[in-house]
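What follows is a pair of complexes built around subunit A, which joins subunit B in one and subunit C in the other.
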Partner chain A sequence: MNLKVLPAKKSMKFLALLLTSLLIASVSAAVYYSLDMTSTITVAANDIYFTLGPDNATASVSIFNDNKSATLGLSAYKNITMTYDDAIRVRNNNTGSSHNVRLRSVSLTGNAANFIYINFTLQTSTKVSLNYTSDGSSWTTPSTTSFVSLSASTEYAIVIETKANATATTGQSATIEIAIDVEL
Partner chain B sequence: MIKYRRELRRVHRSFWGAVALLILLGFLLQNVAGSFYYSLVIEPITTVSSAPVELQAGMAGMSTIYTNGTSALVSLGNDVIDYVDNNASDVDNSTDVGTHSNFTAQQYGPDLVNDTLTEENIETNNTLWLYVNADDETRTGWTRVGTNPYLNATDYPTNFVNVTGMNLQVGDFNFTDSGKSTETINSVEVQLYAQQSLASKNIEIFVWDGSSWTSLGIQAISTSWDWHNFTATTELDTWTKIDGAKMYIQSKAAAGIYEVDCARLQVDYTRQNYELDLEVQWTSVDYDESNEFLCIYGGTMGAENITVDVWNGSAWENVRSDLNSGWNNVSVTSYLTASNFTIRFKGGDETGDTTQHTWDIDTTLLHVWTEAESGSGDFNYVLNMTEKHNSNWKVRLKAYDNSSLSRIDNCYIYIYDGSNSTQIIILNGAYNQQTGPWYDLNASDTEYIWMHVETSGAGTSTVYVYLEIRVPNKTVYARYIITFEIN
Partner chain C sequence: MASALLPEFFALLGIDLFLMLSLLTCLLDDRMPKALPYIYQMAALAGFGHILVSKNFFTVFGDYMRFWYCFIYLLVSLANIVAVSVYFGVAKKQWTIAKFWSGAVTFPSILISIFFVANYGFLQGMSFPLFLQIALVLSAIIMGTSVAIFLSPEVLRNRSGRKRR
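Take a look at the complex of A and B:
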């Protein structure tokens, strides 16, 4: 197609040229962003990880998988709120950039009759929590939190509160798996 | 020209299609790019464990321990409001007199919802004798012996009248006033205490009803002293007529001697009497407090007094001679000695009360209490705490909420184990120290919580406290809830 031979007005030609240019520019930017994301993932994987808090021994904290996974052993007392203020932390090891994270419930097993609540709160400036509550017969699983920012070179404790039902059976347990999603 | 235009249309269609496709693709790429993240995974296992410390009741105050020693309510002093329980008792074996409109209303409030107590009419039949009290001596056919009024008593031969002869009269005699006005008159008789020396000799009686004389008939008089009745129910059918009645006597035979010693009116009447006698009772009363008051909130009170009596186990004892609108409080400490407590409402006028009265009772209750600061104000000890995990801990008290703190002049809460650790201080209605210092609770140790309290004014103050038990040098801690209720 030879535009020069088209009988259209000059303004029409200009409009078509402008739209085409914008289109090419925007598509090019999206593709470029996508490619750049791949390299960002690699960097972030080293930035965010778990560290031990001073209460780690009391909470039997174990960190593994390149500090990306952790297990804890917690106690819940009947009719008493037990608080672990600083057993495990999340660190943003990047010295220059903040990262956004959120808490997401993955799984929960354990008899709801034994517990009143198990609550996890990330101590960011805007606190986010996953609060697992029991009405004595079934659990209420919390929704995924919103993303909150981890400042560069900063550690944030995860405060955990537990409370067992007054009629709970000693030795019974609940296992919860929580994901901390790191936004890229 | 026609060919040119066709080519132009074809170019425009493909051009706009490409635009739309590329825009959609562009947005899609951006969305996918924004949702990339990776995850850390944390997996805590929470196990139910026995509590490290057990709370136990102390020796002072009254402590209630909950859920295997994991929380406690400490009551210092006591303050109980106990509304009346029932109106079904009958401790005196005397049937209630009067009615409740809504007994339940007494068990709540005061809320302007009243139980109206209403007197019941208890009718009684009575007999009244009105003796002669005057003789105007206008009729002189008989002989008068003694002193006027001659016929006022059966005192022959001191005072009497007699006659021999026919159609001779003596009178006129007046009678004592009845003092009645509203009672129902059932019958009236003129009675003569008389005799005649001969048998079958008649006598006639005339009565004045205020406007005229009427004969009550003729009767034979006995030959020995006896009462002789002449019916006057029709003639004297009102109390006014009775009080104004006069009588004279006329002999109806020439032979023998008539003797009359006494005359009177016998009035049989029915008396209306509005009475109130209603028992109400408490069961399971707290009867060992220092202060024990019966409190009755009155609404509209009838003109007649309403009294309140207390059952002492064998008899009624009066504690109120009347009730006013509003609160009527009276100490019943000397009577409240058992778990059952009974009072009665009784009308102030229970004899000859011809007016029905009502009284509104909004609330009836017992207020019993013992102040926290009785004695020295020290409560040693209100709670114990015993370590159960064979571990060392740090403990402290932390007040996190309260009510009615203003009436507390002075309150110290201590943890004690050989030495005092002052944990919470309240002075003049405000916290001076809300959180105590950490204190050692060693393995298998028992420590004590004691208090010094001084209050001003009645009421109940509550201080909600955490007993925090911390792993030494850690920030892991358990919180027990202790509620201090200070009366």
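Take a look at the complex of A and C:
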């Protein structure tokens, strides 16, 4: 076979086959590319969630939303530091791997004149805390903490400390919302 | 992270091999049946349909099933490449073309296919021991050289000459 002396009929046949080949190859590749872009998202159970600590009754802890949300009813006494040692815990339920988490302030409402501080500390090996402090007229909202590691199948308590101002009005309250960001 | 190879990649590879076969058999149509290039085009088109079905039933078919029907399609295309090589060597007795075909088409196609299948297995978390990898490379080299040697008319002539003596 000599390409230089290919008859016209054969050239036309080859050209037609080449064109259809290019068409089939490119369309197939395009379909494969669109397949490659198809993602399958599987609903998974969350590894990190809240659990009740032994002091949960003291802090009126209520856990809901598949253990992903919790509310606490805390007290602050005038000029006395009140500590909730183990009211609520954060659990890493993954048996094989650790996860990194951090504490993040979401919102704060309430009269700053009534409080001195409200502090949330996660008892990991490197402790991280959100410390809301008041100078008597305004709150200082803490910045987001750094990530700390939660070991596999381990629970960590969140220690909460409150202190009300000596001149606080009894019955006044503050509402704080914090979030725990999980790095997977 | 490396993006995972989809099982449909083997179908895509099979389509390309069929298209290559179609063009090469068109160039060699004085030595091959005239309808063969068109049959291979149809086979490639069937492979395209294959991928389309996979796309539409992506969630219905599991990974296991998708791998096997795409892999079988690839095997069919490889079998056709080997068959053309055997056709030249055995049926037509055109050793030079058979040797050229084995070295330039059959051997690289099989090697590329083995590479991608091994890569797919690796990405799927399949353990692929080092001795198996070495064995694979060695067997590929031995296969390539032995195909070239056995299809060499001089070697065959010498062997048959020795037997006659």
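Descriptive notes on the structure:
Everything below uses one rule, namely that the second predicted complex is superposed on the first by the 139 of 184 C-alpha atoms of A that agree within 3 Å, B and C clash if a C-alpha of one lies under 4 Å from a C-alpha of the other, contacts with A are read in each partner's own complex, and residues count from 1 in each chain.
Going forward, a residue touches a chain if its C-beta (ideal position, glycine included) is under 8 Å from a C-beta of that chain, and two chains touch if they have at least 3 such contacts.
Not measured: the values here are computed from a predicted model.
Within the superposed three-chain model, A:127 lies out of touch with both subunit B and subunit C [touch as defined at top]. Measured by the number of subunit A residues touched, the leading partner among subunit B and subunit C is B. Judged by the document's definition of touching, subunit A residues 1, 20, 27, 31, 34 lie at the interface with subunit B and also at the interface with subunit C.
Against subunit A, in their complex, subunit B makes its touches with residues 4-5, 7-8, 11, 15, 18-19, 22-23, 25-26, 29-30, 32-33, 36-52, 66-68, 70-71, 471, 474-480.
The touching residues of subunit A, counted against subunit C in their complex, run 1, 3, 10, 13-14, 17-18, 20-21, 24-25, 27-29, 31-32, 34-36, 38, 40. Listing the residues of subunit C that touch subunit A in their complex gives 3, 6, 8-9, 11-12, 15-16, 19, 22-23, 26-30, 37-38, 41, 44-45, 47-48, 51-52, 54-55, 58-59. Residue ranges of subunit A in contact with subunit B, taken from their complex: 1, 6-8, 16, 19-20, 23, 26-27, 30-31, 33-34, 37, 41, 44-45, 48-50, 54-55, 58-59, 65, 68-88, 90, 104, 106, 110, 114-115, 118, 120, 158, 160, 162, 164, 166, 168-184.
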